[in-house]
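Before anything else, here is the set of structures, which you'll find just below.
The following pair of complexes shares a single chain, chain A, combined with chain B in the former and chain C in the latter.
Showing the complex of A and B:
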């Protein structure tokens, strides 16, 4: 057994070693480049040193000189002998070099390969996060079912990992081959981090295969199991580190920092890495990867469910699908908040890019995004409602579903409403203004923020009624013991810290007095929510948990949805600068409601009497198609968002620093993007199906052999 | 492949197909056609460029859309252009608009400065087709688009400059991040952030500088810092007020009611508010002097000065 494992590990390590050799080769090439560049660098430094010496005066401005200067073209440096600027001008700047991929559009090649790589990477990074959590739950709860499922997740992981690495290698070749100057710049800036990347890749590979192949060996004692869990944690740390590192490269392209733009000289690698968009993208991707992994696992379970031949198998994959969907939805809920933060930082780092994103060439992509996210929320809710059919006692709650459907669809409709429908001159003259007099109120940010929060609250409500479907009489809160009290208190403290600290910070915001007055209602709202959080905890201790939850839902909906919807319009018209604070306030209030209600629910129903069991496997076929829908949609969404993030740079490889002068330096239309992303999604799903099929081949053989053996035994006994 | 796999495959393809259909539908709805690239000479494409690539909205608003005041409000531009063309003896309003784009300094609207860049030059570098599309959009502002007429100007409009963009580089090594710190550092004798807002931070005494790097050159920043009164952004001219007691004030009007006038005046690098009752005002006239201190070069080191220029240049 151990020999077999070692053999497999060796095989995979060889592959990884080849991949790492490639990375090292690329890095060493960049070192050569640096070495050549270094020959010029001392001269440049001495010039810089000379100019920076004490006694240098500020330029004396002479408007006539400026007017006459032919170099006074926007974006061009001022000239003057002896300055570094002059030296830079004298240098012959070679043209940007591009190659084509056998005559095919290079951009499409890189687009497809990088997106496929990212999708596999998202799966490989997202799944271990919840695989380890599921393993811990199984270990602490003593339920072998969880342990088996965690192992099954990891089996998919190990199969997908090699594909991710292969696609990563292919992407590297494509980038260095097709965009040499661009990659020259990137390696010049990030060469040291590439070694770290390669080392971390070792760590990722060893911990991943170690985690999977040692699963059975490290069973038996608690110490062994904890060691195995530690391997999983290490795997996650390496994976997250890898993602953070590559994110710094990608975000540097959007908001470059830490370099001298003309020479590419690195002033601060730290700033190049920790550029303005790095952390928002890190957080957004981390959550999105979990969501992505959850929905892909859900679809895998659905496919297996649909092909199941026994009730036992159906029950197992039904449960697995439920867990996948639970993880996907759980991560989907905070995702809009992380996305909002990222969008805000895009605006902050470059208002022009921000305008292009929300009000320019990319604004319509967000309509498509809204459709996809709407499909995710509706699909996830539909699956939960169908899931209630397998739970006895759920009949009590089905009456709520029609209201939830109504709320979610209405929210979806508002979210879909574009702010600015293109009007002809005639239509505009008829209406008398640029925007539609009615629909414009639903298209603005205030309305969209409000309905997104309402959809999240509605989905959370769906989940709560699903959770309590088979629960009957509640145990008094005093029976929950110390854990219950600590849980509720911790939630209260966390929520108060979040709400009150933000309220206090709003007092110190630097704004003009007349604008700052618009911040006061936000502070008031945060304190009101804080009060109701405390009151909810008090009611829970008094065995009125359900009332506490209802009250929190009602207060949150009133403040974060209704009031802020109205107030958002006021702010937009009179104090636009306050809008960013309003959105964060809205998010904080909704988050506090979700956290508090979830904790109350956990402890309120912990020792509740069961009125019926869950019949796993008793699910209609259409529920499994809902899971497949969620998977396909999240993959499409990832493709779309990848296009937006990358496309926002418009015709720049590195925004404002290195321009794309290739023939593909235009923004494709939505329809063209749709076709390419459609192709990528089809390729990804096809590859995933193939890789998972390969991963299951061994099991299939084992089960066939087991069946043959059983038949032989039965036959022997008959004789 | 078994039956259930076939069904699943068909289902997945149907979802992908639906998505592609949506993108094609939205492309049609957004007015960009089904082509391979955003383009075409149409008012819809022009509108996108106006609010996007062209960066026109950094300086111009259209009625209630946008809030920029550096350039004139473009509401009803088409009809106004006809009037201006008549005054100038030009054949049509379209001629006037084309000339205004090709030679932005030729016909500057009274009360505004010569700050408009040539949009076919760096850093904006709009292609000929995009400029034509913007013209089509501008025609809809108070008129009807006439694509055929616009296309007659095709050869007159230059193609976007093919010069390789070389970002401005400071004569000494400076970091824009450091420049940002200096910009907002209130412990210094002079603090830019006390009068200018950048990305929501700072105070609005002078013009907001958010996104300024996308539309202005480093030379403009050098000039504005060293000789602030050389070009004053419209709406930020100072007022000279003499009270009945003979006390002179020079500052920006913060607010004005029937009874009083609130002026913002600069005193040793600090901005102070002065309220003057209207009854005490003897004389009041607009001046061509900026409230911004003219001695900033004496208050900053060379490195700090270029750091601030570098920071402003990075605001794109």
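Showing the complex of A and C:
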């Protein structure tokens, strides 16, 4: 009884813990304020005051020859010129560069509105991708459960869509109103694409509402269902197209191309769109949207689970939460790779921007990012481990959990160790040199890449043991028939194509001979992995699939984690141009392991005997709070990364082309950023909760009416 | 044994946290002293200590809550029931020890003391854009000229930089010990190997006085060499410096 009371107590305390975590993120930013306290005061001072902006030194690139030179700051409302006459006089002097929003910091207004728009847009673009996939799975498998869930996803989508559009409109007005000169430049370059954007928006709206409202009408025949699925695919195509278009505008601001920098004359719209950072951002956002959507849906299911009154309802939302988490984790796994590519291209487009990002003014935001990503991986794994409790037969695998915790937390420790530690003078004197060994060996990219790959492998392992918890004795591989053989062969061919083609291409990279010698071990590693992929397939055919999987895990961990951790240091010292090839090799090896092991697992356990069923709904309450935590963390992460991506431009609207000469052209301090991002997160979560509540109002009414009707029928029968 | 392990889960978690603390506080400084052949221990910085401890405790709590049974066992240790004598003893120890430890932490954090503030350093201050566009003129020369420049640069390095940065560019020059923050060890792969030539050009030319205002105060005692060295000499020193340290500068990458 006492234990029950204690457990009850912890249910409430878990909720409080999540709330406190959110609050602590916001307040922890204030701790950094101390370090930046010296700059806090000038932070509020305008540039005209002649005080340097806080946080960063402002770049001096060609500022004198630009159209938006500091002299032109006169376009801003000057102090004490609040009268109508003054405003009229000012307008006569020249075009308005900046306006304010009822005296509020214009940058903050645009920051909040654009981030909220982006978060809703991420949800609206991410959810249809997996809604359609779930619908196809339900249709092909004949399971109505999947169809129901896909429809529920879409219901949330249609509710969020209108809010996204409203925020988008507000953002447009804010930008045109508050930053007219900047938007003039953008319109000058991108005007044709803006019309395309507006037209595509019609497509998005029509297909979305068509997809949702025709759900029941287009049921019945296979042809109708396929037509409905096609609508979903079209919806995704329009959504992705819209995102790619807007990404070209945003990335143009970071790495402008296709124009004459000094005059702003457009030379090539194609190059302005297809600027160096466009594709890396497209890919990164596409994956991140799915991840974001998955975790938000997971949190929605968790809230519904917590409020469920019947076992049936609990089971449904438990399953929905599981699917949301599965989607979130599935997309989270490739996300670090896409992020690394984007980061590398940022460095390639401008070494200064790269330095600001990883080693300069934004380096501490990446430590916060590391903490948040670590929390995502831990939260997702924790949910899987708790989920094993609802599967009979999982006891055989729970012994692995402690090792997984050890590995994941060790990796997390390395992952967040900064290269430059905050040290007191005494500590610095005692250490006696710039770097403590922990930061020296854990703080650099070679170590980070190694551990993130190990975290991914460990998360995948968690999923494998979760998956096979319900499975007992295996059927011999010969019983899998042609499907098994084709499946394994396909996986082998795919992996070999990926590994060998990359190994071959590495032979032809154009590098100096002394640097090129550092590429050879990478080629060797790719061939070794290829050999073990083939060997794993051979072992699987010989009914030794588990051995094959273990071997692949071991070989991958040895090459991609241990060896490349060491080799990364070598390359950093002697041939940093090889780093980009090293990271791709690392990713390819890890991906091949994940793909091959997943396929082996699918066919190995396809006809395995079931040990017991999965009891959906039998989940501890803390698992649902884990889902909510994952949602809060990914929202904070998106807010933070939005700040980093945009802030890297420093005091430029368009990097190196159009300078920001407003009074807000300084990089905010970490504490200030924390407060604004905290506000955005709170606003987004509040709005999402409100919108989802609205979306469910209709259902509530329907169920209440049904209950009233049933009561009336019962009453009538009694009389 | 398995029963004991289950019922004493809370104690195991606490023991693991204490072991981690002892490792970070006493073992790791000694281990690094031996591994790095230092004459003194390498204490774990307080910030890192705090982060690692938080993670250690979090890992223990995650483990203790991965199943309802474990969670109940974990909390159940605190409940009064008829267990072995050692359990009752440990319970009493816990009820007395926990407030004492918390009190001790509060006391040590709140007593007034003199300590320099912890600085949130930024590794690479932002390179001014006027330096971004520069190119080392000697990197494009033929092999023989490059070799010559490197040799000249090495001589210049030994003349101007060696006193602080050392003859091997390892940060162990004759003056190194006189600085509160020792000169950088350029052999470390996380230092000059991570930046482009121009970054060093800026640092040598402007030195400590030319550092930006961000994250001040900077501890750099690096002098500004712009009045003493010509640009060509600085470029040569950079080439000689990389060669002496045995590392390569970060190369500009081609965009894909």
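Just so it is clear, the second predicted complex is superposed on the first by the 609 of 719 C-alpha atoms of A that agree within 3 Å, B and C clash if a C-alpha of one lies under 4 Å from a C-alpha of the other, contacts with A are read in each partner's own complex, and residues count from 1 in each chain.
Here, a contact is a pair of C-beta atoms (placed from the backbone, for glycine too) under 8 Å apart; a residue touches a chain by one contact, two chains touch by 3 or more.
Because the structure is predicted, anything quoted here is derived from the model rather than measured.
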item	value
Partner chain in contact with A:260 - chain B first, chain C second, else both or neither	first
First (chain B), second (chain C), both or neither touched by A:685	first
Touched partner set for A:672, first chain B, second chain C, both or neither	first
Touching partner for A:268 - first (chain B), second (chain C), both, neither	first
Partner chain in contact with A:352 - chain B first, chain C second, else both or neither	both
Touching partner for A:440 - first (chain B), second (chain C), both, neither	second
First (chain B), second (chain C), both or neither touched by A:580	both
Which of chain B and chain C A:565 touches, first, second, both or neither	neither
Touched partner set for A:319, first chain B, second chain C, both or neither	neither
Contact residues of chain A, present in both the chain B and the chain C interface	52, 56-57, 59-61, 347-348, 350-352, 355-356, 359-361, 364, 421-422, 424-425, 428, 433-435, 576-577, 580, 650, 656
Residues of chain A touching chain B in the complex	48, 51-52, 56-61, 63, 66, 69, 72-78, 80, 83-85, 88-89, 93, 95, 257-258, 260-263, 267-268, 271, 303, 306-307, 347-348, 350-353, 355-356, 359-361, 364, 367-368, 371-372, 421-422, 424-425, 428, 433-435, 510, 512, 576-577, 580, 625, 628-629, 632-633, 636, 650, 655-657, 659, 661, 666-675, 677-678, 681-682, 685
Residues of chain A that touch chain C when the two form their complex	2-3, 6-7, 10, 32, 34-36, 38-39, 52, 54-57, 59-62, 276, 344-345, 347-352, 355-356, 359-361, 363-364, 378, 382, 385-386, 388-389, 398, 401-402, 405-406, 409, 412-413, 416-417, 419-440, 443-444, 515, 569, 572-577, 580, 620, 622, 650, 656
Interfacial residue positions of chain C with respect to chain A in the complex	28, 32, 35-36, 38, 40, 42-48, 51-52, 55-56, 58-59, 62-63, 65-68, 71-72, 75-76, 78-79, 115-130, 132, 171, 180-182, 184-185, 188-191, 193-196, 199, 212-216, 246-248, 250-256
Partner chain A, residues of chain B touching it in the complex	2, 4-5, 7-8, 11-13, 15-17, 19-20, 22-24, 26-27, 29-39, 43-44, 47-48, 51-53, 55, 57-58, 62-65, 67, 117-118, 121-124, 140, 143-145, 163-173, 175-177, 199-204, 210-211, 214, 216-219, 222-223, 226-227, 230, 297, 300, 302-303, 305, 314-316
